[in-house]
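Okay, so subunit A shows up in both of these, paired with subunit B first and subunit C after.
After this line comes the complex of A and B, so read on.
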């Protein structure tokens, strides 16, 4: 069988249609098992294609026989392939974690697993597509599933958080649509490679309009300040594993879209500075707000916004090393924040308010989960034996090469804030007084497996960063090398098999 | 490549004008109205305005619909641009899905809080 990037999207879509039928006519349990099989298949495609592009360069797959500038194409480059593989793996781990998550099984688990699968598919579609309107469609698939998953629990204030997210998200989609429309009136094309080739033909004033509309639209998905009002509520009201999915998958797709627009589509001066300042402000405000939170999930949400600001800032520096650092940060944030959300939601399992004080003294009752949470907390602030250290080091040394001293000072100051609020949680966990009334919940085996897998990855990457740097170097080269991207999309007219 | 300035006759101006008016009316409803249903209606009106604008940019005066039917095989360079129309079809479907999700959330909010006014629903910080 021929493996192609189309399978990333076609297989989950087919499965989403079949799951209700299968679970009705064959076995109820299939509704929960099939998404896992789909995720495993996505990981299999990722591995096969990543090995293939090792010697073939960029795979550009045309859909339905329409050649690149006219039809929709999917581009599997080292950059988009890296993100797609990361999303498939995190998607699988989240599925594994939520397989027996008790509160999800009380509701109709069939809906939950289909929606989670479609959310990951939408995000992978954003990363792979080579057509700007198609990117908009995938962004809407991701957003609509995210709205429904936010409001999944009926007893929480999910509907309110979901509606808030929906209002902001629809505004984003309107802006993106307007930007696409202006772009189309100017160039008459929707193919991203062709836009990149011709974008110098657009008058500067219109170019600025387009880029501002795109930045605001995608900035909402990427949690950029001040467009991130939806994030803390959506993270704290959604089911625990969905918080992990937002941090690990959805936001990554938003950042990808922002970066693609700035790096590939338009070569406009000042956009890089915009990323630096936007990222910096996002980081400072989010991390100081995180300090003030008493709710664990809200704290993690603000920390996630702060990390995204850091990523945007690293992309804004723009040198090769900084981009490697930014991609490393994205990878780290995906695994570490997923681990924190997963272990955190077992630590606050029976607490309705999810306060940090509910964790008091649980270190002795749930030793393994607490250790995993501790690993995550140490890794995300960037302590040396963990993977978070290397990404921070990359970004800091890239900033040092460009003599951005103020930037370095801010990053280090914000890191101290981060250390304070994460260590506060860890010390409550271990040194807090035990509350005998709190009923603990032992994690199921599959949840344990998925958390331990993430924990081991953090440790392994922390000790041997070389296992991942090669991939990251290739991805960074693919992102900055605009000419190869344009050439391989527009001239590769034979479908690769 | 279609330039907005070139299509300067009354009809197109009024189409553009009404599209922008629709967007502004929708924006007004979303920003000012307190009733959740009215906000959702406002979102739909914004969508409608965008769709109208999209179709309008693909229109060329005096050209025909982009359909190859018997008798019009040779009219390929006398047809309006089909791409915006295809995009609008997709955007309409997406708008429909968003509206459906929004309305279901409104129902849930109404059951939970017994009100559909946005200023009375404040369990989370707005």
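After this line comes the complex of A and C, so read on.
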């Protein structure tokens, strides 16, 4: 069988439908093992396809034998391929981490693993699809799994967070669906390449409505201020690995959708400014709120929102270098924030309130986890020689090229705020008084492997950023090159008879 | 104060949305020039009969042209059931305390629902088997069958929808859908491609894989909705 992008979706779906039978009638353990095999296969597809497309190629695959715009198509370009590969790898590491995670095994671990696998699959689907309604369907898959995983521990607060997320998320879905509906009445097509080709035909008043609906809808998923009310609760109440999955996978898919709508579907420059201002406000408010948090997971959540604001702002600058920087930030945020959530959730394992003060003096009790958390903290604030440094440098120099001095000053000021609250945690970890009452939980070997893999990636990318920049450059070119995208989707577009 | 703010906001949003929708005239023919080569709607109307041998164009669009979306929707339902099960599942030790929340019903209702149940199930099966010929299809048929189960669940306190059976139906139907898709990928190079011969238009057995997929969807939707109802109707009473 030839490897093609649809394997990303079809194989996990088959596995998800098989797991209930396998675990009931063959062996219970299969429910936990099969998702890992599926993720490994996704990574294998990623490597094969990334090598296949080389520097510039785009794979456009049709589904059910109907050429675009009559059927649905999947587009594997350097941009979507990069994100899909990133999501597969993070998805695998999160699976590895949650395997044998004691708190999850106390509950319905079989269902957890199905839901976690499908959350990643939904996000990959969002990134790969070339059809706007199909994107909505995958967004639903991601959202439904995210709601139920938020309240997976079935505590009071978890239920509240899940319900809040459900309400806000459904609101977002309705807005996106409304936008798709109006778009369809105007153009009579759902194919993204064809919409991009024809979007200038829509009357301005309707176009504004469509764009506003899309921005608000996807803005909720991408944690843009003031639409991010769901995020801090959802991050802090969900199981530790799911916090990592929100930061590394779900939000990335939201940002992808936002960027795709602005850059490819409607190429309007007013939206770029909107991204800059939206991103900037998000960043300032989120980072100052993070400073006020005493709960570790909430602090990480606000920091995550702030980082996403930074990403949106970098996309808003709009130059090639800024987009490379934005993609680099997305990559860094995926690996670093996953590491922070993973190590953080072992550091606060037995603490009910997850207060930062509970970390006091754990640096000696859990040395390796603490070092990994420290690496994550140093990397996310952008200290050299960690990977976070390079992404910030890219964005700053892109802003400098455009003479956006105010922007640079804000980024630097916000970085100082970041340094303050991350260093506060690290110093509590190492210089705080040891509290003998705190029971620690030693991480399992597989969780350790997963965290160390992330830590090593941060160091390697920090020392040799060249390993990743080539991929990022290609991805950025693919995102801005609208003509090639349209052409490669619609060329074999003559009727097949 | 907050309520006033919310009301003003809602009025504003409502005003702008009605304004937008008034620009889209209702009932206008939107298909446009049917001879135009790239007109999607016209393509469906002109070509469905010859290319898929399906009498119901809507079904052809839902199951074949946009079959990938349908697979996604079925998955959404599956995940909703799984998620609900993970949040509301009952521990083994609580199993004997579980109660149906419905009130005991009279023998009139009980006898009536026993007569109605097979008829409702039959109607549901009819709707999804004829999905490619008449209005309706897998989702509608499945929902009809699930209402039959709902009737039984609320009229008999001890009626149990067999969990093992639900898992089997759900999984097998899902596997059928994906396997048909993968079969298309293997033999014709495109996921969910219609590989079977079309047959004669308007026959029960026509349209290749389309009726098979719709029957699988019907079973899956019926099993999943029944599962959801069963989870929601059985609770542990508060002490």
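To be clear about the criterion, the second predicted complex is superposed on the first by the 488 of 497 C-alpha atoms of A that agree within 3 Å, B and C clash if a C-alpha of one lies under 4 Å from a C-alpha of the other, contacts with A are read in each partner's own complex, and residues count from 1 in each chain.
Criterion: a residue touches a chain if its C-beta (ideal position, glycine included) is under 8 Å from a C-beta of that chain, and two chains touch if they have at least 3 such contacts.
The model shown is predicted, which means the values in this text are computed figures rather than measured ones.
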Residues of subunit A touched, compared between subunit B and subunit C (which is higher): C
Partner chain in contact with A:174 - subunit B first, subunit C second, else both or neither: first
First, second, both or neither for A:325, with subunit B first and subunit C second: neither
Touched partner set for A:10, first subunit B, second subunit C, both or neither: second
Partner chain(s) touched by A:363 [first = subunit B, second = subunit C, both, neither]: neither
A:166 touches, of subunit B and subunit C: first, second, both or neither? first
First (subunit B), second (subunit C), both or neither touched by A:316: neither
Partner chain in contact with A:125 - subunit B first, subunit C second, else both or neither: second
Which of subunit B and subunit C A:140 touches, first, second, both or neither: both
Subunit B versus subunit C as contact partner of A:157, first or second or both or neither: first
Set of subunit A residues, in rising order, touched by both subunit B and subunit C: 133, 137, 140, 144, 147-148, 151, 154, 159, 162, 185-186, 188, 190
Sites on subunit A touched by subunit B in the complex: 133, 137, 140, 144, 147-148, 151, 154, 157, 159-164, 166-167, 170-171, 173-174, 177-178, 180-181, 184-188, 190, 233, 237
Residues on subunit A engaged by subunit C in the complex (per definition of touch): 1-2, 4, 6, 10, 13-14, 16-18, 20-21, 24, 61-66, 69-72, 107-108, 111-112, 114-115, 118, 125, 133-134, 137-138, 140-141, 144-145, 147-149, 151-152, 154, 159, 162, 182, 185-186, 188-190, 194, 203, 205-206, 209, 493, 495
Complex contacts: residues of subunit C adjacent to subunit A: 16-17, 19-20, 23-24, 30-32, 37-41, 43-44, 64-69, 71-73, 75-76, 78-80, 82-87, 89, 164, 167-168, 170-172, 174-175, 178-179, 181-182, 184-186, 188-194
Touching residues (chain side subunit B, partner subunit A) in the complex: 1-4, 30, 36, 39, 43, 46-47, 50, 53-54, 57, 83-84, 87, 90-91, 94, 97-98, 101-102, 105-106, 108-109, 112, 121, 123-126
